[in-house]
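Provided herewith is a single structure, encoded as structure tokens, for subsequent inquiry.
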Amino acid sequence: MVIMTTTSSATFLPVLERIAEEIDHTPGRGRPADYIPALAARDPRSFGMAVAEPDGTVYGVGDWREPFSAQSITKVFTLALDLAREGDELWEHVGREPSGNPFNSLVQLEYENGIPRNPFINAGALVVTDRLQTRTGDAAGELLDFLRAESGNPALDFDTEVAASEAVHGDRNAALAHFMASYGNIDNDIPVLLDQYFRQCSVAASCADLALATGFLARHGIRADGSRLLSRSQAKQVNAIMLTCGTYDAAGNFAYRVGLPGKSGVGGGIIAVVPGRCTLCVWSPGLDEHGNSVAGVAALDRFTTLTGLSIF
Amino acid sequence: MVIMTTTSSATFLPVLERIAEEIDHTPGRGRPADYIPALAARDPRSFGMAVAEPDGTVYGVGDWREPFSAQSITKVFTLALDLAREGDELWEHVGREPSGNPFNSLVQLEYENGIPRNPFINAGALVVTDRLQTRTGDAAGELLDFLRAESGNPALDFDTEVAASEAVHGDRNAALAHFMASYGNIDNDIPVLLDQYFRQCSVAASCADLALATGFLARHGIRADGSRLLSRSQAKQVNAIMLTCGTYDAAGNFAYRVGLPGKSGVGGGIIAVVPGRCTLCVWSPGLDEHGNSVAGVAALDRFTTLTGLSIF
Amino acid sequence: MVIMTTTSSATFLPVLERIAEEIDHTPGRGRPADYIPALAARDPRSFGMAVAEPDGTVYGVGDWREPFSAQSITKVFTLALDLAREGDELWEHVGREPSGNPFNSLVQLEYENGIPRNPFINAGALVVTDRLQTRTGDAAGELLDFLRAESGNPALDFDTEVAASEAVHGDRNAALAHFMASYGNIDNDIPVLLDQYFRQCSVAASCADLALATGFLARHGIRADGSRLLSRSQAKQVNAIMLTCGTYDAAGNFAYRVGLPGKSGVGGGIIAVVPGRCTLCVWSPGLDEHGNSVAGVAALDRFTTLTGLSIF
Amino acid sequence: MVIMTTTSSATFLPVLERIAEEIDHTPGRGRPADYIPALAARDPRSFGMAVAEPDGTVYGVGDWREPFSAQSITKVFTLALDLAREGDELWEHVGREPSGNPFNSLVQLEYENGIPRNPFINAGALVVTDRLQTRTGDAAGELLDFLRAESGNPALDFDTEVAASEAVHGDRNAALAHFMASYGNIDNDIPVLLDQYFRQCSVAASCADLALATGFLARHGIRADGSRLLSRSQAKQVNAIMLTCGTYDAAGNFAYRVGLPGKSGVGGGIIAVVPGRCTLCVWSPGLDEHGNSVAGVAALDRFTTLTGLSIF
């Protein structure tokens, strides 16, 4: 187990070490996502966890420096980047309510005239990327710049193999995009949008990178360099959406067990926020039936139990 | 405006006064629920707000001593009373996920084999009452005892007129109960269950009463008399369910604007919890299209903005 | 094999004999309905088939004189009896479109404000019985009188054991009835309605009885005694509804294979109409996954193939 | 009014003349489809009706020689052309049950794993065209050849303006195609498929052309030149699907009022079959809320009433 701290204030390091040890002795890690070869190939025994403090200190345990596929975790950052630009107008194009639907969101999209329930279901993320694309001309590039700046890691990049694999399996996202376009809720050409979207999802980053990049949500909207990305109220809004919608159809269970705003990805990563205090990222590739990392949820559950840091 | 404090530590009183004044100057209060005469008759200009501190201090503004129909707010208390008795077994009979469905819950009930999504939709509340009835033989009486003890108000009671009106309009709840019974998820005879349920919903209580009765959720499970009702973890669970499911199909919006665990009722009341710090109850009969008090949500929004007490 | 003819004009008897022989050599009969003991106990090898000619001649093969539980077949008769009384006003309370839904009809009931899609889904049959009950004070009795008169069999009766079993498993129908009552689409007290409905479904009758009782649909609305029950147009309407909605979620397949208006019941019976020519009833208790008699559908398929009597 | 007969046996001409006169005096024709300029521009007072007898005689009234946009009527011909080639294997890729859903078919597509309910909803027609494309390399060309041969009208052609307009509004069909592709139920590249599909829908033909082209369904599968396209059983199957699924969400009502297998298009045309006897095509551009021609349904209703030719 490699442990590295950038400063001496690694407050939660003993807790992380205890969690890593417990996880190490826990059998049953779920199965990696298998719809893409690059994800399916990851070792389900991998486990990393990092904490970033508001001052930029980051430390971790296990494979916390190992890059993995960020996937849906990136939806938090594109949401913040677009919200910073267009503000509340965004909410005319995507909702903020949990989807609560074991089915794909097509039913609700139809019932609600092409307005997705929230920015974290695929349909909603496509709308956010579409709008960011319209405003920047390169949504994925904008995301990459942001992640590199916040993590201080210039090597952080897209994984072109993963992006290409996503495109091969992209019919469902193409269906969502065309369907919303039929309601006038997509601006860009759909092949362009899908290319941006698949690149965005393919970002490879480590627990350290993502814990740092999430820092603005613990700092109430302030970026690593001290500039403001989101207003205090907007940062609160993003946290609220993470809590109610961040872990697919298991958001209620995640709030119940972990009690922190969080966002998971099918690459096995989960980011979480203790507002005003710190951010976390945990990674282990094995997923439960809802698409959330089995060891990741368990580790965050232990973290809030051991530290008492739940928001509830 | 009547203001009364039971001790000198009325920390948030100035904030409440400012909010009451702002609300007073705000036009547009929505419309009271009209499916029951006793609710429809309430004056939409009524407004009361109370804060209870963990030590039992309670104070408020406006009509904070005026009893109103608690309705769905009581679902929080029956949930806690049943959870205290049976623990996690309850979750085999009712879920913890947001329902996210503008329709009534019948579709999801069917899809999920008679297991309601959460304890705060009507189907879920019927299951909780059914289970509490099985364990106590008088679910509504159990609730009443609890509310009287926590609020210190022995005059708190059912409103028999309201309960009778609910029964007249009870076909939809009867349909839900029979439907779940067809899946084996209801134990009691349905007329018995519905009678208990309608009495439970009819409880008349004031902002002061309900802010005090909610205190155990700010005290991490401890009742007013110092005894433990719920474990720390269970209290956190109830708060998490309130945040994700407490305001009908607008839970995301409530989390976004208010950022506190809350539970509303069609009588116009809303309770909210600042974990470890205080509980609130606000009341104004006019509802928005989701069934939440217009002035109530606005007042809680102002409260967290002015105090910075959001959990996010 | 017992063969009995009441007149010499048993036109289709050789065809029936050939079908019975083929069926006898066909393995795989499906499984009897098992939600009620009296249905589950029937021998899946039972098979009977009868043809009634417009002049009242009836003949058959196999167990064509053996009474079985008519179940949903009775919905055709209550529909005709109510339509005869109230005419087109009925269609404001129940639709005429296929339901096309593998789920129970609750979703569509909700979407369409308590108006069932057609008279042959359970919700629609409850509405028809409710309306007939309002007009006659004894819907089930009215049905029984009709069936006895048309079949010439005064011993035809309700099966009280079956009716009692239906009531025990009646929660889903109670849910449907209460749900529609919440939309104002049920007039009678629900226990009264359910009692009528379960008795109606419990009618025990033979293939001979039911083929004769269906005769008015081959005679364009004329009863056995020469009096008119339905107008020519109404008889055509009932036939059209049987074709599009008569065999649960397999109506399209039935139209495709058999090509006749038909109505099945979970007792294993199916009635069918060759307009202007004859009526048929076939019975075999084993059901397919849609609730239609396996041997019954096969026999009718063979009948139209061998005689060329499909309406298409 | 132009009347032309190719032989002397214009059996139903007096009936058509009477219907045309009645329709002429009937106010209220609905509104033409407005999603495509070329459809919206048609005069709602236009009305034509033609009958084709099995021997190829055709005659009509009103605008029966005027070409209009065939639209969904073409789905009958592509179904027959594909069924002739691949037989029952087609039914593994598309169902035969009514959709019974006022919503678009996305919900059911999802529930049934990408297998559309029947060949006449858009999703099902896309599957049929996709399969015919795979088998022929030019599905639309195959359709055109067939229509020209059966109608004897070599001038019958695609309307390129209509096809281009369809493509502009094609997002919903693109969504359906991608969605089914995600289940592996589409073989061709989606832009290729959509091009074929939009051309197919754009066919411009008259009542005379389409009544003649439908003749094989009255002749139990035999084409105009005496060759067999479909087996007798397959022709019966196509008729059955037209009856149960041919007029969008109003198939039950059409069966009830008209009592013939029929297929409508949003161009205002409807074809209908009297098996063994004749075929009809009626056209009037004004549509009802289900997308069926108002005057067209009324005219067919009168036809079966006046002639007694309903199949029921």
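Every chain is named by a letter (A, B, C and D) in the order it is written, and numbering of its residues begins at 1.
We take it that contacts are C-beta pairs under 8 Å (C-beta built on N, C-alpha and C of every residue); 3 or more make two chains touch, one makes a residue touch a chain.
These figures come from a predicted structure and were not determined experimentally.
Minimum number of contact steps separating chain B from chain C: 1. Distance from the centre of chain B peaks at D, each centre being the average of the chain's Cα atoms. Each chain gets one centre point, the mean of its Cα atoms, and the points for chain A and chain B are 32 Å apart. Once the centre of each chain is set as its mean CA position, chain B and chain D turn out to be 56 Å apart. One inter-chain figure worth recording: chain A and chain D are separated by 49 Å, centre to centre, where each centre is the mean of the chain's CA atoms. In chain A, the positions touching at least two other chains are 111. Touching pairs of chains, sorted by label, consist of A-B, A-D, B-C, C-D.
Those residues of chain A that touch chain B in the complex are listed here as 95-102, 108, 111-112, 117-118, 233, 235-237, 239-241, 243-245, 249-253, 255-256, 259, 261, 275, 305, 310-312. Put simply, chain A touches chain D in their complex at residues 103-104, 106-107, 110-111, 169, 171-172, 174-179, 181-182, 190.
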